[in-house]
Every structure is written in C-alpha cells, then in structure tokens.
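What follows is a single structure, written as structure tokens, with notes after it.
Chain naming follows the written order as A, B, C and D, and within any one chain the residues start at number 1.
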Amino acid sequence: MNLSRFFAAIVRRELQIAFKRWGDLASPLMFFVMVASLFPLALSPQHEMLRNLGPAVLWIAALLATLLSLNALFRGDIEDGSMEQLVLSPYPLALAIFGKTVAHWLLNGLPLVMLAPALAVTYYLPVEGVRALSLTLLIGTPTLSLLGAVGAALTAGVRQSGGLLALLVLPLMLPVLMFGARATDLAGSGEQITGPLYLLSALLLLALSLLPLASAAAIRISLD
Amino acid sequence: MWNWFHKLASPPHFYRLAGIFSPWMLWSSLILIAIGTYGGLVLAPADYQQGEGFRIIYVHVPSSYLSTMIYALMAVTSGIGLIWRIKLAHAVAASAAPIGASFTAVSLLTGMLWGKPMWGTYWEWDPRLTSELILLFIYFGYMSLRASFEDISKADRAGGLLAVVGVVNLPIIHYSVIWWSSLHQGPSIKKLDAPSISGDMLWPLLLLIAASTLFFGALLLYRVRAEVLDREHNSRWVQDLLGEMPGAG
Amino acid sequence: MAEFFAMGGYAQFVWGAFGIWFVCVIFNIVAARRKFRISVERATMAAARHHHRTTRKMKQQNDT
Amino acid sequence: MTRLSAINLTLWRGPNCLFEELSFQVDAGSLLLVRGSNGSGKTTLLRVLSGLTRPETGHVEWCGESIEKTRQTFGAALAYFGHADGLKADLTVTHNLEFSAQLFGQSGEQIPGLLNALNLSQCAQLETRYLSAGQKRRTALARVLMSDAALWLLDEPVTNLDAAGREYVEDRLHAHVAGGGLAIAATHEDIRITSESPDEIFLGDGA
C-alpha cells in the first residue's frame, strides 16, 4: 500500500467510526450554536451592537467548539491500543496523525464553516461580512485543528486534561483568531481583506508543514 | 571543545562545578542589583517628560528582557535535549521556567504601574503588554504540562516539544498583536519607551540588566543542581555523595 | 528626604514597581532553596532505600 | 541475518528497577519466553523491544541496526500483540481486521478462515464492543496470525483462551518459528511448541 492509499484508509476509517457516534459529532456543533446565541440574550439584541460584536463572538465560539472536540481526538485510540498499532506500522506516524487531523476538520471544522453564515445573519452582519466570515473560517479552522492536534497529542496520556489542553493551545491559536475576527470586521465595514487572508493562508501552510511532525512526536511521548 | 562540552554535561561534574559557582554569582549579582537600584532611584536625573515616574524603567526593562531571554533559552535547551538526548539540557529548561514566569509577571505588573501615570489607565492592550501576557500563559502551560506527568523523562520530552512549538509561535503572536493594535488605536497611545535616554540615565539600566542576568544564572545553577538530583538519584555518584554527608546542602 | 520618597508625585507607582521587583528577587531565592532542599531529601531517601536493598541482597548471598 | 538483539537495557519505573543491563538476542527460528510475576516488567520489556517505550540506557537492534533508525523496515517486520487489543469498539470484527490487513499490505481474504479457526465466525459482523474479553483477545490475535511479519511480540497470548484456541495458537506459533520466524512472548503460563522447552528469561525477584 502506498502512502496516499494509507492516508485515505486512515481518513475513511475515522469517518466510518465517527458516523457511528452521532452524539459526539453533534455536540461541538450544538455548542457553537448555543454560545453564539447566548450573547444576544445576555447583552441586548440591538442590531448595531450585535453587528459590532458578531465577528469576534462567532470566531470565539468556533474556536471554543473546536477546542471542545479536540479532547477526544487521540484519547480513544490510545486507550484501546489502536494507536500502538499505528505507531508500529511501517508507515510514517506523522501521516497517520495528519489523516486523523484531516478527518477531525472534516467532521468538526467544515460543519462550523457551513453553519457560520446562518449564525452571522442573526448578528445582522452585512453580506461582505458573512462572506469574509466563511472565508476566514475556511482557511482558519484547519490551522486550529492542526494546532489542537499537537495539544491533544501532548495531553492524551494525562488524566483530567480538558483545562490543560485549553491552557496549552489557546495562546497558540490566538493569531488565527485575531486575523480571522478582524478580517471579518474589516470586511463588514467595506474594507479590503486580502492582507489578512494571505496571512491566514501563510499560517495554514506553516501549520501543515510542521505541526503533523510535532503531533507525531508528541504521540510517541504520550505512548511511552 | 567537544570533549570539554561532554565533561560539563556529565551530571556529577556539573553538580560539583555549579555548587562552587552559584553562591559567588548570587552574591555578586545581589551587590550589583543594589548598586544599580541606587543609581536608578537616586543618581539618575528625572526624565524631562515623564518626571520621576520614568524610574520604573529600571525594573520593567530588566524583567521584560529576562522574560523573553529565558524563554529563548528554554527553547534552545529543550531542542538540544530532544535532539541529542541530554538530560542536563532538559533540566536547564525545566529550571528556567519558574524563574521566567516570575519575571514575566513582574514585567506585567510594573508595566501596569508605569501605564497608570503614562496612559491614565493600568491596562492598555498595547502590543508589548499583550505579548507579555500571552508569554505568561505559555509559561503557565509549560509548567502545568510538566506537572501533569509523573515520569520525569516524559515530562522533559513533552515540555521540550511544547517549548519548541511555542518558540515558533511567539514571533507570530507578537507580530499579529502589533498588526492588530495598529488597526485599533491611533498614534495617541504612547509606547512604554524612555525617550532619548542620556548617559547618566543609561548606566544603571545596563547595570541592572547585566546584574539580573547574573542573578538568573545563579538561580538557574542552583535549580539545575536540584533537577540533576531528581533525575540521577538512582545513580552511584548521588548515592555516594548523599551517603557521605547526609542532608548535604 | 521626603522629596525623594515622594518621587515627584509618582511615589505609589515607583515604589510599588520596585517593591514588586524585590519581592520577586527574594521569592526566587527562597523558591530555589526550597526546591533544592526537597530534591536533596528525596534523593537521600532513595539512596537510603537503595542502600537497604543492596545490603539485604548481600545478606542473602552470605546466608546461602 | 534476522536477529533481534537487546543490548544493555535498563529501565526504572519510579523507585523500582525493572531491569538493569539486560542483554539477550533472539535468532531466526526461535521462541523466547519472558517470565516473571505480575508487575515485574514483562509488558514493559515487550514495549521496549517494539520501540514503543524508550529504555533509559541501551538499545534494541533488528538485523544489526538500531530500531530507532530503521523504524519503517522494523515496522514491516513486526507484529505486536499488546496488553491492549487495539480494536475500535464501533467497528465490526471484520472491519477491524480488514484495516489491519491493509496496513500489512494484504487483501484480507484469509480473514474468514482465521475467524473460523479462532472460533469467532459467529461474531464476524458484530461490533467489537459486544464481544467478551476472550473474544476480543482472539480477534487481536487474528491480526498477528494473518501478518507475514518475521517477528512476533506477544503479551500473554494464551491467557483467556480455551484449550482448542490455545492449541491452535501453539500450532501457529510452531509453524511461524519453524518457518524461520522469531517470537517473543511474555507469559505467566507455559507455552510448549516442541518437545524441548523454549528459552526463557526471568524478570524481577523470581531470579
């Protein structure tokens, strides 16, 4: 089996398992929707204020939803021993980890991207803002998944790791959040956002090239 | 050169040498800190714009400098420890973290105290303070991650990996904060900088930077000795050492 | 002298900052000493245990 | 020369020394049993030999080269039957084994035969969460048996098996070793594959 077939097999298996567990799949999404709908209820539903807060709130909700789904990314595999089998297989571990991360994004990041426009409308974002939100989430959430995978791999062997995971990865996710939310905000007020989009893409490329290797190294440490 | 390096990296040798050097370094650094503080508080003239308030620079800048320098040191030693599997390098990284975190906190607090008379508010989301805050979070993350492992060698490797990932991220975070705040606030907010510093203002600052580096070095050696004991307490030389003189300090 | 302590109206900020700095310096010294003491105690205990084990082994060899 | 060599392995777990300066080698066509009481480090030794756990000193060589430098070739030559079964609870027995077959680069056509021999054919389409502990062990064992790896590392391979299953495993182990394979098994039960007893190493205070 060559490397691309191996990669495809990993992704397919992850999807296969995930679709047997609808609950696990849906809860981060529900969390995203709920956090986003808490703000208008807790503040006051003034259009002007919601339009100003919308980009930041939606981006933070997406970030937290990603974080919520990360905790279980490698834990199950380590507990039932299937990670050992992947580590000992003749294929590069980083590729297997990357496959799992891609599956994580397909199952968590992509639905967020698709849900976000609907939520953006409830925040009265203008059309340009909605488009920018979808675009920045589309480029930004893969970086979040890749960064989160490193944290999940580092804490996979630790009990009670939820808070620790947040402490480790939130500072690292900050640039993505800032570029994403600010670009959405700028687009809403009719400005060009090619700059932040390029920066987000650069972050994604950097993350793609380095982070799977770091996650693989972290998995080896967690399994030791 | 390589030989010398190997000898230094051998735990018993390091333990002995560090035990000789650290008290000397500690005392001389404390004397230099005292001189620098006297210079900063008494001898240096007041700034013509910021008045006496500018004297906070003498503690803010050394601690800001230490906070970044220590993180860089942690990342380098973690990398060395991961690549060449040198326990001593991991011990250095582990020892540096709490010292770095404490000076990061001092840098934040003194920055806030400086900000009140300068900006009229204790906190402003200016790039330097924001980066410093995130650096503090990263220090906390590193220390919590280490603390969550019972096995020291696992803690070493996991923490080392996080330190290396963090050092790639720090400049990204720093420049994104700068970009972000350049959109946010007009030029009315002044950065925490001493304008046109003169010679008799400068020497206490340089002295304090040097003295605090020396102070950090002394503490580091002291802590690394403890970390070496933690890692080596099964080995012959530690047993001989502690068997000879129980409760050696 | 009072003028020196007043720091041109910035007393609370300047003295506060220097106070924090010195607290940090002293805290670091205390914390490092404490860490070292704990490590020595732990290593001494480990050494004692090891010593105990080796003597027991030697005893067993002598018995047989 | 296919050979697994352990060279000067030392590992401490907390204050306990599991093994110190442990060296041995296993050549093609032989079986080595790792014996010792519970908690003596049998599983840990297997993990060190597989490369999962890094020893404090020493290293493991496969065909004369350190396994950390030749992960890919060593991985291709290794079948690991660990303490954990390595099965996904949400997938069926067949799905689990088909994935392993893909990793081994096989078509998976021998899966039904294997399940039959291990008395698992009635649960082939069952998700592994519904299996008993013994059935899960046998499914995990099927993965090792279908690989054509030269080196088998087995952690308690016959525990939880009935007499027939045990005999089948011992037969397959015999065939593997007779065909020039290597096997190392950590076990607290006797495993006999030939009339003469296999090599053994003892860990812990049992020495």
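In the analysis below, contacts are C-beta pairs under 8 Å (C-beta built on N, C-alpha and C of every residue); 3 or more make two chains touch, one makes a residue touch a chain.
Because the structure is a prediction, the values reported are computed rather than measured.
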With respect to inter-chain C-beta contacts, which pair, A-B or B-C, contains the greater number? B-C
Select the chain at the greatest separation from chain A, using centres from the mean of Cα atoms. C
As a quick test, compute the distance in whole Å between the mean CA positions of chain C and chain D. 47
Find the geometric centre of each of chain A and chain B from their Cα atoms only, then give the gap between the two centres in Å, rounded to an integer. 32
Per the centroid of Cα atoms for each chain, what is the distance between chain B and chain C, given in Å? 17
Quick one: chain A and chain D, Cα centre-to-centre, how many Å? 37
Residues of chain A that touch at least two other chains are 224
Of all residues in chain B, which are in touch with two or more distinct other chains? 151, 234
Which residue numbers or ranges of chain C touch two or more of the other chains? 46
Touching residues (chain side chain B, partner chain C) in the complex: 26, 30, 33, 37, 41-42, 46, 51-53, 55-56, 58-60, 63, 98-99, 102-103, 105-106, 109-110, 113-114, 116-117, 215, 219, 222-223, 225-227, 229-230, 232-234, 238-239, 242-243, 246-249
Given the complex with chain D, which residues does chain A contribute to the contact? 1, 5-6, 9, 13, 16-17, 20-21, 79-82, 84-85, 87-92, 223-224
Note: in the complex, chain A contacts chain B through residues 150, 154-155, 157-158, 161, 164, 167-168, 170-172, 174-175, 178-179, 182, 186, 199, 203, 210-211, 214, 217-218, 221-222, 224
Where on chain C does chain B make contact in their complex? 4, 7-10, 13-14, 16-18, 20-21, 24-25, 27-29, 31-33, 35-44, 46-47, 50-51
For the chain B and chain A complex, residues of the former touching the latter: 134, 137-138, 140-141, 144-145, 148-149, 151, 154, 157-158, 161-162, 164-166, 168-169, 172-173, 176-177, 179-180, 183
